[in-house]
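Several structures are given next for inspection.
The following pair of complexes shares a single chain, chain A, combined with chain B in the former and chain C in the latter.
On to the complex of A and B.
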């Protein structure tokens, strides 16, 4: 073949990474503004305790958002995560109150396992039942919650029934970083690296970007989708353990309605609802932003009602921004490389 | 160029594939030799795409075998075909718009670092190397979204190269390309061929086949007609073998003295879709729109009926100008359109047969705004009986009927509105031979009763057997107007493909 001499001109190459990062950058910017404004109003907002509280509150949401982001990137959704958190929290709390000597790691693994099974059920129904994920996980949302209710039968596990080491886990810290936050950071980092740098991650993006093309490209779509749902379920299960450890008192309603916060975090964090783009750490940032908004409004003494309205506005803003950026990118991409 | 006695790289041996009762491919065999480009030609629906999908691992042959380098292979999925060194470039490229071009090329086969992470640097370098080899200045780090069709196809070829494919299958790659882009694509394909790849090339354009290919396999109605050297065949020979079948199916066309002009279309144009379309249809006449898939036949009729907009031109019904873009106005003027895709556009599958038949007239049949079963059933019964629809009960869901009977229900639905002009798009697609003849008889008797009929069809025998006049469309323009006497399979195909009649 005649190797036509051509150098891909670096000057013409715009940094697409830079463009994509604007989404995450936007969240960081919004966060900074919010924190600065609130801190000027009340300097205690930046105190160690306040930051610690915010991070602790974010941790559970961020763990779930990581799993949700992976599922949404494949052009699916997992609405059952709140119920999975509930069933896992109640199961693990019951397990620990009945076996006071079990080490923490067993509790964590039990939570992960329960969640993984719940996620597997979702994945199998979506893939092999050929039912849209929205419908499947809406169904399992009620089923998992129903199981928890019928199991709990109105009872709850109280903090005084739980072993001490389980309760202190939430607040214990290494080098000043609470375990809860550390676990969340590890989950986010692992999720990000998996989605960015490993084949499975790129294949999940590919599936979300164009499902039929993924089949034709010989990607093992079934296996990958099951993995995504199992991960989302397992992380919701893990979040259940963290929830039980943090709040001590667990009843069958734990995590009720939380799936909406999780989806909101993911969407605000820049994961496209139609799959194929976005990032895990963007979703985690979204979780942080939502949590900080909640506490900032409390500090600023603004009616809690506004919190929900603001979250709603943010979601719409995030989606509009995505559309706008997408249209702009599409236009600039069409102009480039029109070299024939 | 391949030596004639070389061992085929890929062999299709006596394969058969049916979908339901329809045999898409029956007993087809041909070899693909290394270093040779092999054309696969046939009419629309001859089974070419089915062959492609079997080679790609999407479909499994019912009987027969595929052989790669002399050994039988059985593809469980596209991954297996890829692993066997077969790369397929579909008519519609299949890239991931959100991923970068480099990732698209490497997907499933990314270079890894020691930690089994993806080596992005190496991946980008690979893509750059491939683009240099192909001689195209594409940026590997840009996303695939927004690439032109031509560039997308080049990325697909780069993908095939990176997988070191030894067989490259291209399903009408040139359909959407300009002449310059086609030339660039061919340069790349030729150099691949000269490096020893086996190429299979599907196209409707004969000048491309003679320019690129050494060997050609001709298919007709899912059957293998011939595999010959291109040099031994003239374009005329190829066309004749593609279409050359006896008009054995009887077309019960009744001769009718055409009446007054019902439809007049003048200078109808829609940017990028069709241009300057003018024709008229008289009462009692059947006019067929023929041409290749994508020539704009259905689009013209959709615009006439008002489903799609048009930019300029006029549509007149009984001498009165019809408002564009309004199916309601078209229906009021006495037009009816039986669409190509029954499931999507013609029927509501879950509703009962009677409901479907009376749907366009529901308002007229209603009393005080409510529909009562009686009038509905009566109307439905009259028409389904006239059309000899085979059904259990009128209250059964339409989805339970066979394809042919569904088509009759669609016809009944529109005939019940008492139209003056009937437009039918692919009236007999996916229908068995017996029902086909019934639909034909029906259309013929409707025309005899004074209905004006416009028929869009890809099936030449149907066009030749049924139509009083034939309009052949090519690339959005009318390429020829033929009377029943002038029309032969060859003349229609020549016009549709843009070849001069040289017989």
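On to the complex of A and C.
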């Protein structure tokens, strides 16, 4: 993945970067062990079809995790992403079934736009309503889902109503890479570069590290926060289009409860829940790990109760690691101060 | 808090209604229950009686504008036309417990011959239904039953046995008579699915199924993504799998969608219980050869025929009585006035376009 192309951040942040790097390395290690163990049990787990399935299964979650990571890095959270996915999936599926000739790009843009509007509402409420993001997005989680329910009622859009090119988009490949996976890779790469190398990315980290300090340092907190929420919403909207294309059946309950998977992926991927650290590609790796766990347990014939328990254990492990990192950083900072 | 005036209003109106009912029924209440009780046992069925024409048959579904109910009552309308009767459809806009009562009272005043009702609450509609029966109106329930003592017959869409057997039969057919099969169900604690799977397992012990091996019951939690992953797991764990049987509409659609886009297409069959509209795509691209579900239109159709036969005196609702329901053939009334629609309808490429639900 994009992981290997990234180098450690330059000298000044080296110790912090190094620690983070080991955390993401941990995910890669866990992933390798899991795949190796499952493949020994059943070699078909490494077949082309299986790898393709796993990447396709990850794509939607990874797109959402990218947006969520950006929001969590700013010390906020976006719980409405599952509902945004639902409203976007239903809207786009309805749009496409009523206009069979619309090209795929229109569907993708429509999804992005719907999601961006939903995200903007979140951002405005959080920033100008001065309400914690947890509460705001919990509220909009229900509002967006409610809108979808009242709009869709009991109806659903079925595969035979959707245009052919829309459905095949989920399975078609370009140079052997499925479109869904390609979109996810582009989103992750763009998100990673933005957060690491661009001014807005660094400002978002700064806001997450210490909101008052960021404000005092002259960072335009309001504008940056809105951007983060709009990005998260837009990516959830994009995920909705991918969801509709992949599953072919969309009803008002699409993506119900998905926000928890997304938050889990982000936390497991090493993004600190208190903001300021972690990376987009780490969150994407988290999404991949959670998806592969789901597939591996199905192949290994393990009771699905364990799947939930393992995901829970991973989250707690990740938060413990978070804490450990925080303590170490605090100690190393104190030492450095002492030398001065 | 905001709702309290409305609640108060509906409580008051309900109370008034009840008061009204008891007031009206005051003296006739005892005689009413006598007549209905006596009517059932005393009036013997006359199997040779002709089914009358011009019967007024009213349908009262749980609520109007529900796609599934619409298909059911649509079947009823066809039957009433065949019977040369008068079809009437009334119903509330919400499926709350008491919303049907006023409609039943209106139907009594209009002197309908048969009321076909899907009870929103088994007890809330009972006093009104018994009033209707006292007025010599036959009451048939469908979809969801009212209490046994306030209706003449109940149309049961499917029995647990019927569905389990049908699943086993389709699995045998689709697997080509032998090999490994797997079940992709809803949640591990879904009551309906579990009882169907139990019957299916019993069925598989019979000699004609001896070459069929059920290797695993997987649970997709009625979630698309999870059902996808479980289907993928099944196909990887059991390379010789011949068929996936999904007794849930979400599961069968997800399994079909996955297989239609994977390298397993054509090698592994998918069957189970599904909605024709949801499955049309996969039946047409040959991923799914056959699946089943009860036909909602037939429920309404059968209910109309049962009601007409009863109003003509051919049957009374007692166990063992037989009657003919148009194109569906002959039916026998079971215990407690239950009439079972029969095995689920099977959908294939040839007939799927006739169904829209």
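Operating definition for what follows: the second predicted complex is superposed on the first by the 318 of 340 C-alpha atoms of A that agree within 3 Å, B and C clash if a C-alpha of one lies under 4 Å from a C-alpha of the other, contacts with A are read in each partner's own complex, and residues count from 1 in each chain.
Here is the rule we use: contacts are C-beta pairs under 8 Å (C-beta built on N, C-alpha and C of every residue); 3 or more make two chains touch, one makes a residue touch a chain.
Quantities reported herein were computed from a predicted structural model and do not represent experimental measurements.
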Worksheet item: Which of the two partners, first being chain B and second being chain C, lies in contact with A:158: first, second, both, or neither?
Response: second
Worksheet item: In the superposed arrangement, does chain B or chain C reach more residues of chain A?
Response: B
Worksheet item: Where does A:202 make contact in the superposed view: on chain B (first), on chain C (second), on both, or on neither?
Response: first
Discussion item. Looking at A:44 after the superposition, I want to know if it touches chain B, chain C, both of them or none. Which is it: first, second, both, neither?
Written reply: second
Worksheet entry | Residues on chain B engaged by chain A in the complex (per definition of touch) | 56-58, 77-83, 88, 90, 94-100, 103, 107-108, 110, 112, 116-118, 128, 131-143, 145-148, 150-151, 178, 180-181, 184, 191, 195
Worksheet entry | In the complex, chain A residues that touch chain B | 1-4, 6, 8-9, 12-13, 16, 193, 197-199, 202-203, 205-206, 208-210, 212-220, 272, 276-277, 329-330, 333-334, 336-340
Worksheet, complete the sentence: Given the complex, residues on chain A that touch chain C span 42, 44-45, 47, 49-50, 53, 57, 60, 154-156, 158-160, 167, 170-171, 243, 247-249, 254, 291, 294-295, 297-299, 301, 304
Worksheet item: Taking the complex as given, what residues does chain C use to touch chain A?
Response: 66-68, 188, 216, 218-219, 221, 224-226, 228-230, 232-234, 236-237, 239, 250, 253-254, 257, 261-264, 277-278, 280-282, 284
